[in-house]
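Next come two complexes, and both contain subunit A; in the first it sits with subunit B, in the second with subunit C.
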Partner chain A sequence: MNIRRRKFDALIIGAGGGGLRAALQLARADAQVAVVSKVFPTRSHTVAAQGGVNAALANVTPDNWHWHMYDTVKGSDWLGDQDAIEYMCRAAPRAVYELEHFGVPFSRLADGHIYQRAFGGQSRNFGGEQATRTCAAADRTGHAILHSLYQQNIRARTHFFDEYFAIDLVCDGEGAVLGAVAMEIETGEPILIEAKTTLLATGGAGQLFRTTTNALINTGDGMAMALRAGIPLQDMEFFQFHPTGIAGKGMLITEGVRGEGGYLINADGERFMERYAPNAKDLASRDVVSRAIAIEVREGRGCGPARDHVLLKLDHLGPDVILKRLPGIRDLAMTFLHIDPIEQPIPVYPTAHYTMGGIPTNRFGQVVVPEMQSPEEAVEGLYAAGECACVSVHGANRLGGNSLLDILVFGRAAANHIIAYLKDHRYHRPLNEESVDRALARLARWDEPGDGERVEDIRAELKKVMETHCGVFREQTVLAEGVEKVKALAERMQDVRLRDTSKTFNTARVEAMELENLIDIALATVQSALARTESRGAHSRIDYPERDDQNWMKHSLYFRDGTLDYKPVRIKPLTVESFPPKVRVY
Partner chain B sequence: MKFSIYRYNPETGEKPYMQEYVLRDIDPGMMLLEALMRLKQDDETLSFRRSCREGVCGSDAMNVNGRNMLACITPLASLREPVVIRPLPGRPVIRDLVVDMSDFYRQYRAVKPYLIVNDPEPEVERLQTPEERERLDGLYECILCACCSTACPSFWWNPDRFLGPAALLQAWRFLADSRDQATDERLQALEGPYRMFRCHTIMNCVDVCPKGLNPTRAIGRIKHLMLKRSF
Partner chain C sequence: MTSPADTGDRQAPERQQVYWQCRRGMLELDILLQDFFHRAWDGLDAAERACFVRLLDYPDAVLFELLMGHATSADGELASVIEKIRSDPDP
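== the complex of A and B ==
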């Protein structure tokens, strides 16, 4: 078909921190790089990250990357790949210094060094005292990082396709990925962007759930594109519920509040985390704190008239700390709750937050799939980084402050691998036009007018199903029912029609394609969760309350046809001794 | 609750018009964005940008009852009925509440909104005292929503030549940064009758900024610095 075509060395889909960090590296290496984003780059969800980015700078307390590595392995409940974790933790200080050089306005300590705060799951000396490892720009760290990265990309003259929605990957006959078809939202016209290498950096899928900290754009587009290209999704059963979303609304209240000394109380005014995590208390890792809150509420110790939340107390920190270190969450509380946290505690409840699973990659950002005898064979030309990817550094539970780190380290790593790849692959390969036609058909499907089901109804139903059937606590029959319900929704999706089939900035059409993506990811999530008969990290099975290393210390791989496969965890780090699994207590 | 919303779709050949909507079952504390999303559930054709729902991404700026604001952090309870919603003023309309922001972004890029340092890069962070860092507060928090620039009469007249409050705020953000080494270059680029000096301190920008930032003060500081450096 005759469509607009462009050619680049590298195509990056997604302009959050991961995509922009990669783009910057590539542009600085004189590669021709195109960034496709469905929103203007600074509107990407990285902008909402609050608390900070982990790096063992030791600016406040003694620290080193090896302790950070231990905490991350333990936080992951031993499902994280230890080679990737070592790589990330070693690279962290440099990644943060680079940010500082890019202009990120980090908060500062009295001696002029970057300010660091305590965060959950951080320890000194392999499980000892609390560490202080999270580098912060007040409580707007994501905003500061995303804007600085975008600014440096302006300087590097990266080519942006703003407000283009990626539809599907295109490939050659041998399975190498050669770019993507996207739609210019303003005109509704498709465009084919051919590229020697394609990096997916499309973020997470928090819109699977009704109550979420995630932006409306977080619909897992890249993950679904990968699925449709025959690539499995890894560890999708592990979805993080952040302990402190604003109750009933979902807006994020950073873990930094507890890092600065805030704590949770129940209806009796009890600091209940002392019972669940005697050492780390409120700074235990997120899965632990979220479960504790859910149990408190379930056992009738919730606050408020409906006893459906707990309180995050920070008034004792004093106005100075709140105004200087936590101004953003004060704004949020005042805007959405009419509560000034300087005087009153904030009502909170666990809220869908982060997709630990995603597109399987190695530590170079290459997408890897099982092939013949090898569990991890690289897909030629295809990379993924950030929340849409699964390296896996987060395993079964991500530590706060490690997501910004993940996007920086693996955004850069992927770009470096791409730069090396481009040296050996100087020419564009011929495309399989059928893959272009398939992508265009996906777009054209939404031109069929009619009176069928509505996008809105399916979407609302999906979020409800996911919340009820795949939440903080899970169980066989509930999950099995969830699978059936999501399958039924996938069926109904066939009958969905748009009332509005116009071309110009048709957001209804974008939302329809986003919903298609979400449904595929929902299936991956519930089916992987149903299959995993153990409790590990964020995946808590009431019917299988223990971690089962014998049978389940392995990664799930979900394919679009519904089949599941598994591959071993990489327990061998790059240079140091492996951290063997042990009982995880905080 | 009654709404009157600006509608325009270039494909229909119709002129822009105001469409009346009524929304029932308003929850207390509901924000305008949620109301718009509910209206869209029943009328798919209604188009607007949105993303984070909490006032940090800057997507959903619009003109509501004559004032520019972010729909996601504007409580319905604060609005007079009927709520009259129009696209941001002075920008070409693409469709409904979606405007063409290219001029706005071009002016942002024109101030070189990035840190420029000529010294060799140290292997660790450059130092900055808390006091030096504090000078960036009220500047770096800009979310590029364009509420300010599209409320500025000088920007309405000269969107191609006057940088506008958002870009000028960023110009000062880098001038104010103790790490930046391009002060002369930056100040020079702001000379001339249009780029900065079209600001007539009308202060609409300050009035509408949803983040409580103060571009007029930043412009004043730039002028002050220019004056100081001219001796």
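== the complex of A and C ==
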């Protein structure tokens, strides 16, 4: 078919921190780089990260990368790959200093060094005292990183395709990836971007769940594109939830509220955490609190007309404490619920926060798949980095401050590998035009007018099904039902038609394609969760409450045809001794 | 949570363009802006629409401060549209 075509050395899909860090490295190495983003680059989700980025700079308390590595392995519940984790923790200080050079205005200590704050899961001396490892630019770290990287890319002449929606990867006859077909949202016209190398940096998939902290753009498009290209998704059952999101909306209410003495109550006004965790009560670990809330709701003790949430009570703290120590939380409640927590409790429910799983890669950012005898063969020309990838440094559970680090370190690493690859591969290879036609057919499908099912109905149902059947309350029957329900939604998706099939700025088409992506990823998530009969990190099964290293210290790989495969965790680091599995207690 | 983009009618492209500009990097902004868009856009006069579009040009972090009432814009005309966004009758 006759469509607009462009050629580049490297195509980067996604303009968050991961994509922009990679693009900058490439542009500075004089590669011709194109970055495609469905929203204006500085509106990528990285902007939401407020807490900061981890690096063992030891500016506040003693620290070193090896302690950081230990914490990350332990945080991952021993599902993280120790070679990638060592690489990331060693590279962290440099990644932060680079950001400083790019213009990120890090907050400062009195002595002029970069300010660092303490986060959960950070320790000195392999599990000892609290460490202070998170570098922050006030509470705008993500914003500062994204804007600095964007400016640097403009200076380095990276080519941006803003408000272009990537549809599918294209390849040659041998499976090498050679770019992608995208749609210009403004005109609705497709474009073929051919590239010697393609990097997926499309972020996470929080929109799978009804209650999520993730922005609407986080629909896991890159993961679904990989699936459709025959690549499995790794460890999708591991999704991090935060126990207290604003019910029905998702925004995070920090643990600080419970730290100050706030507590949870059910419809009977009972302080139910006393039953689940008699000692720690409301300050029990995140997974325990999340599950307790889900159980209260399941057993009919939820609050509100739909009995679908519990309440976080803090009025007893008094106006002084709330105004002085929790002003941001009060603002959130007032703005989004029109509730003043000085007088009324806040409706909360566990909220989906971070996608640990994703496109399998090695520590060079190359996408790897099982082939013949090898569990990790690189797919030629294809790379992935950031939240859409699974390298895997977060394993079964991500530590706060480690994902900004992940996107920077592996965005850069992928770019370095691409630069080397480009030296040996100077020419564009011929495309398999069939792969282009397939991508175009996916777009054309939305031109058929009609009166079928509606995107928004299926999306709402999908998010509800995922929350109920693959949220924090997981056991065999619930998950098995979830699989059937998502499959039924996938069936119904065939009958979805758009009422408005016009081209110019038809955002409904974009939302329809996003929903297709979400459905594929939902299947990957719920099927992987059903298969894993143990509890590890964020995946906790009521019916299999223990971690089972004997049978399950392995990565899941889900293929689009519904089959699952597994591959070993890489427990051998690069230069140090490996950290053998232990019970994970804090 | 958000209203459908596919309302059945052929939408004016400018309207849909503004709708897409309401997609942001932060969930808080998505909710405030899209809810306001669906609730109010069709009833805004030309001057108010221009204000809303100007507001959308701010970077996310600044927009968040403005909409949460933590900061005020030097552009005085934006105050009333910000107030309207904040006063969602049905949060």
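Assume the second predicted complex is superposed on the first by the 481 of 586 C-alpha atoms of A that agree within 3 Å, B and C clash if a C-alpha of one lies under 4 Å from a C-alpha of the other, contacts with A are read in each partner's own complex, and residues count from 1 in each chain.
Assume a residue touches a chain if its C-beta (ideal position, glycine included) is under 8 Å from a C-beta of that chain, and two chains touch if they have at least 3 such contacts.
Bear in mind that the values here come from a model prediction, so they are computed numbers and not experimental data.
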| item | value |
| --- | --- |
| Touching partner for A:105 - first (subunit B), second (subunit C), both, neither | first |
| Partner chain in contact with A:82 - subunit B first, subunit C second, else both or neither | neither |
| Broader residue contact with subunit A after superposition on the shared chain, subunit B or subunit C | B |
| Subunit B versus subunit C as contact partner of A:527, first or second or both or neither | neither |
| First (subunit B), second (subunit C), both or neither touched by A:45 | both |
| First (subunit B), second (subunit C), both or neither touched by A:97 | first |
| Which of subunit B and subunit C A:335 touches, first, second, both or neither | both |
| Contact residues common to both interfaces of subunit A (with subunit B and with subunit C) | 39, 42-45, 47-48, 140, 143, 147, 186, 215-217, 251, 331-332, 335-336, 338, 454-456, 498-500, 502, 504-508 |
| Residues of subunit C touching subunit A in the complex | 1-11, 13-14, 16-17, 19-20, 23-32, 34, 59-61, 67-70, 86, 88, 91 |
| Touching residues (chain side subunit A, partner subunit C) in the complex | 39, 42-48, 140, 142-143, 146-147, 163, 185-186, 212-217, 248-251, 331-332, 335-338, 454-456, 498-500, 502, 504-508, 510-512 |
| Complex interface listing, subunit B residues touching subunit A | 9-12, 29, 40-41, 44-45, 47-59, 73, 94-96, 98, 101, 105, 109, 112-115, 117, 121-130, 132-133, 136, 140-141, 143-144, 174, 177, 179 |
| Subunit B partner contacts - residues on subunit A that touch it in the complex | 39-40, 42-45, 47-48, 57, 96-97, 100-103, 105-114, 137, 140, 143-144, 147-148, 151-152, 154-155, 186, 215-217, 251, 328, 331-332, 335-336, 338, 454-456, 498-500, 502-508 |
